[in-house]
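I'd like to ask you about the structure that follows.
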């Protein structure tokens, strides 16, 4: 492991005191100090060994957040509820956590929906400002971070709570028309995830959406990114149960076994779960988790996905999946799995991978949507295929050759 | 479904009244009559649609067996113990089962080991015959089948009980020297699975080993097959728990998650289980099931595999696997799965696939070992790679282009 | 097993062509003919050996039903979907099934709710009749059955679909007042389960409620039963997941382990499941399944119960329960169970037990509510205690001595 | 919680630096300081509220051990491997751990078997001493503890590794004859667990065997205990999978469901597991775990129990049990459970309960075997009944009334 890549890359976290952001920041510090190894970092696999990946010490963390707090407080809370991480480790990283905390700015709850707004105690009241003013503030925060820290590249990473689902169709289809509407009295109801994306793109920063929220997934944002040479990818990190689905469904395909039903029940108790208690916010998540089975199989067995908030489970996402399938001569058989993973610690390394590989793309002068990041996402943008192994082959091919130009 | 491929292919089953053989024969009849669909046949997938695959009605079943009985009796027994298959279906197929039964000849227990020999009540006493005489008898049986049924191609398929493990090193390394030794007073202790393989190869028939027994897996047999233009493949059909291992282990690799231990417990109660109660016979099976995890991961976590005979389970192979792995920052997490499959009904369609695809290879004038059949086997011959998805890509490439000639 | 108890007992099934009713009727015939043993009959345990229990051949089956059909058709359908029962067995019992079918009368959907009404194709349109007339018709059906078959005792057993929950408070609190209201223009909205109960009680027949529907659980019905010397018990048969809860929760109590959360997910696909797809009908069921944990533990951990209709599962009720508990020194631990039971075949023997034991109570001249039947029910009437082992002790004590007279 | 019972009770741990002993000592200190609550202490349940139970602060810990070390070192090791307990908690208890460590004396490996002896680095070489001399040393250690700490009562508690199974029949049947033989040149091969028991009894101390080792379970030891007025109980603490068996098996009995097979696989990785890797030591454990099912059911389904050492699991005992049972009309159904418990933290509170309740017995002047402690043990001495709920009723009755005198 080289000490440095020669790059200085900013990691701007949306939801900077949340579980995933906290694990990212603790993890980067722990790896930079050599206190923990690189297990769970995909970008450390041999297939990516030839790339000039920014090292943990090369990443500078800042971000937006709507709840007052600090990374150390979040880390301690995480430790208490979920029973992972040592206090010793946190103590050893306290300086880095404090530095990152000092770079966090108040976020926005404009158009965030009631459930998320209720959690906010640090976001300014921007309900009556022109949307353009809100956007300007967010852009200014990120630009100031880039300048102050003398960064080669900033990646804005959305790891905040899931917003209610939204149709991209209601927004003006070009950046020019969208931009013009922002100062109007009745601007489009762009959710925070999209405001951060636009804020990033306006200055040419990269944007990665690790959540199922809208983010950059609408035409005007694509257009702006392309125009500014900004990179983006998404959406919804594939950490546990859905990863399993995209690994197992191809097996049923290749064996020509007919899936009759696929039922998945998820329980966990972190802040994400709390937000998902709101049926609106949950709808976005469940949709993202549910469609992969149909897409891979190519037909529609009965499917059911639930996600329930069970507070005592903390970050321990436990999923039980029951797959009822038909074998030879019509014989029904069953596969069940139980996944017990610490969700934020599954998400954090993938988020770090995305930032490192996005910086490789930046060094290669790629722009716009990076399709090859598909294996990291439940709903990969620009990709129909959810088969994890075909996605992985695509990513490795990208690492080898750069993006396909066809 | 075309009515016929224009081929007439013999399927000579070793262990012809066993569970897998019975399900193969019932399945072929049921599909030929249109009573059951093609679910679970890999060879029916679109990737194989362009090949001239023999149809169920094109396959003629015969075989060797060491226990007196009939396919109908086996099928009824199977139904009673495992609770699958309708009596109606069996009645509808009774003519085909009787015809196949009439083509079954007594097998051999020469060098089969005590546990298997104890099950035999139909095999002649050939302990003191020259081994060459035993081999001649087996060859004559198969050749007579080919002639009487006017077959284009005979595939000898080993679906008999697992033999104790054997080292191939103790046999003469060339066919000439082995052949010479067969008439000697102290011939090499070739197990039945290998005698059937040699019997097949001598007349240019194909041989597929669906079990972990030695079969054709030694140099002199390879040499004979090549010399006679015979096809072969093996070994040990990958039906359930091991299939899952070769699907899931790559996921841990691609996510760079570190497997700490992989424990798999299997229970079932068919005749195969009974034979595996003998520790010698079991050793061969467990070895085959256990090595795939190490090979795919590239390191050696603690692994444990048990297979236990629980008579009331019948053919319902239930496996519980517990995978303990380390995620980011050293956090231990767990994945468990429970597989409840009817083993013979998982094996039968794969065996039919192998016969159909072997006939495609025959039509293409391939000879010797078919490496591309790897995804069907726990211990694929001529292949180091147990990753199910890479194996599948290889098979599909073979289907498209024929074998790689490099 | 004596051939007969000397009793002739009528079993009048509400929902006579449903899964449970079908399994009861098939089971009684199969046992009467000696084709199946008494496994799963609680009343066959030694603790009940001294009682004069009606034998299977002593029970005469009839009932009410709202869907046209026959017991044979239901049995065949059950066999096809759920893969249990032999056609041979059904053929052997065909005469009994036909005889019972001939004794089934059209039921009522008066006040049944839209979801149940939608299933009905055999119930007369009684929406505008005086409620008294509906009740008279039902009573007449049962009385005619009793007379025609010369029965010593009729037990009306509700095994029909779950009705939406209802408060007993809206009904007149005495039988006199309720009776008076039945002929009025705006009669109380008594659901079918309660109409059948009143129909039974009016003629002194027994009534057992194997569902969570209201049935006889309101003061005026109690009063009528007592006045007529009728027996009753309920409610909601405890067959699978809830049985497990009332077995395991006491373990946590006795070990002083603190349950943090108890999550139970149930999937199955029979007609009951279909009706439970209606949130109103489901509410009754979930409430009944959920309260037992709180009651036994004496405090309120987070609990969650879901019941989902997955059609391909047929009668195979599969439940996954995840129990998160705190052990010594605050350490969180986990117990999970997976129950795979054929629901109607779990319910049927318990229903038969209730009829047999109710007849014992009748022979002993008991009247009114039988509290000792608690271990058979999810929501035992007249009993606060859901601890399965204390309930069982109570039942055995009742068998020994008759009801407690304190 | 009263501060004190007025009693001063010694707890002499055999295996004093082992996992259970460490958790006992940490737990007593943590409770005495009010840092942790009484969850998991059976003796804190209301049924025992009227008894004068020694409080955590009333218990003084000492013991024998064959490995050099300290309780703090064991606690840190436990924390590191199993991921439970806070370092803060250990720091807060460091004084108590040091004090208890100072009271630990070297144990004996005389007749312990090779596997246990291999772990020892602190036990004196006593192979050639007269057995009487070994016994004298052990007695002197315990008596010195009692005197130095001015104890009202000493309870010797065996929580050391499982010894190979032994037949009690080979020892002289009376204490006089056994005692006489101890000084002989060829003394009986009493294992350490029995030597500690005799050492305790000779001075009237109590002895509780939390392991399946022989301990006090032979006639001469019983005789000595009775003669000296010493109390004893055993054996093999019922902590997890076996507890579940004795809870669930009665359910199958009461529902008259026929268990066809009960398979239980246990994996864990603590020192106990290491010792159980020796087939001889394992035999004792498996026997104790296996017999309960047969005893409760009253017939003999197929049973299988495995316990395997998987080092990375640490103290997390994970058990998968698969119960195949027959319901009504011969229908096979399945119950599976997965138990994930931290074994030493399940054992420690039960061990503390036994000491507290043994002291209650002492205050009541009971002597000899305490049968009422049955619910704590896998193989309860003097009790045929393994039904957990009947055992619990017996214990509560004892708490209420003292031992039955019939």
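So that you can tell them apart, the chains are marked A, B, C and D in the order they are listed, and the count of residues begins at 1 in each.
Rule of thumb we're sticking to: a residue touches a chain if its C-beta (ideal position, glycine included) is under 8 Å from a C-beta of that chain, and two chains touch if they have at least 3 such contacts.
This one's a predicted model, so the numbers in the text were calculated from it and none came from an experiment.
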Any chain touching chain B and chain C at once appears in the list A, D
By C-beta contact count, B-D versus A-D, the higher one is B-D
Distance in whole angstrom between the CA centres of chain B and chain D is 50
Between the Cα centroids of chain C and chain D the separation in whole angstrom comes to 45
Among chain B residues, those touching two or more other chains are 83-84, 336, 338
Residue set of chain C touching chain A in the complex reads 83, 260-261, 263, 265, 267, 301-302, 304, 306, 308, 310-313, 318, 320, 322, 324, 332, 336, 338
Listed in rising order, the residues of chain C that touch chain D in the complex are 23, 26-27, 30, 36-42, 44-45, 84-85, 89, 243-244, 247-248, 250-251, 253-258, 326-331, 333-342, 345-346, 348-349, 375, 388-389, 392
So, in the complex, the side of chain D touching chain A is made of residues 83-84, 86-88, 338
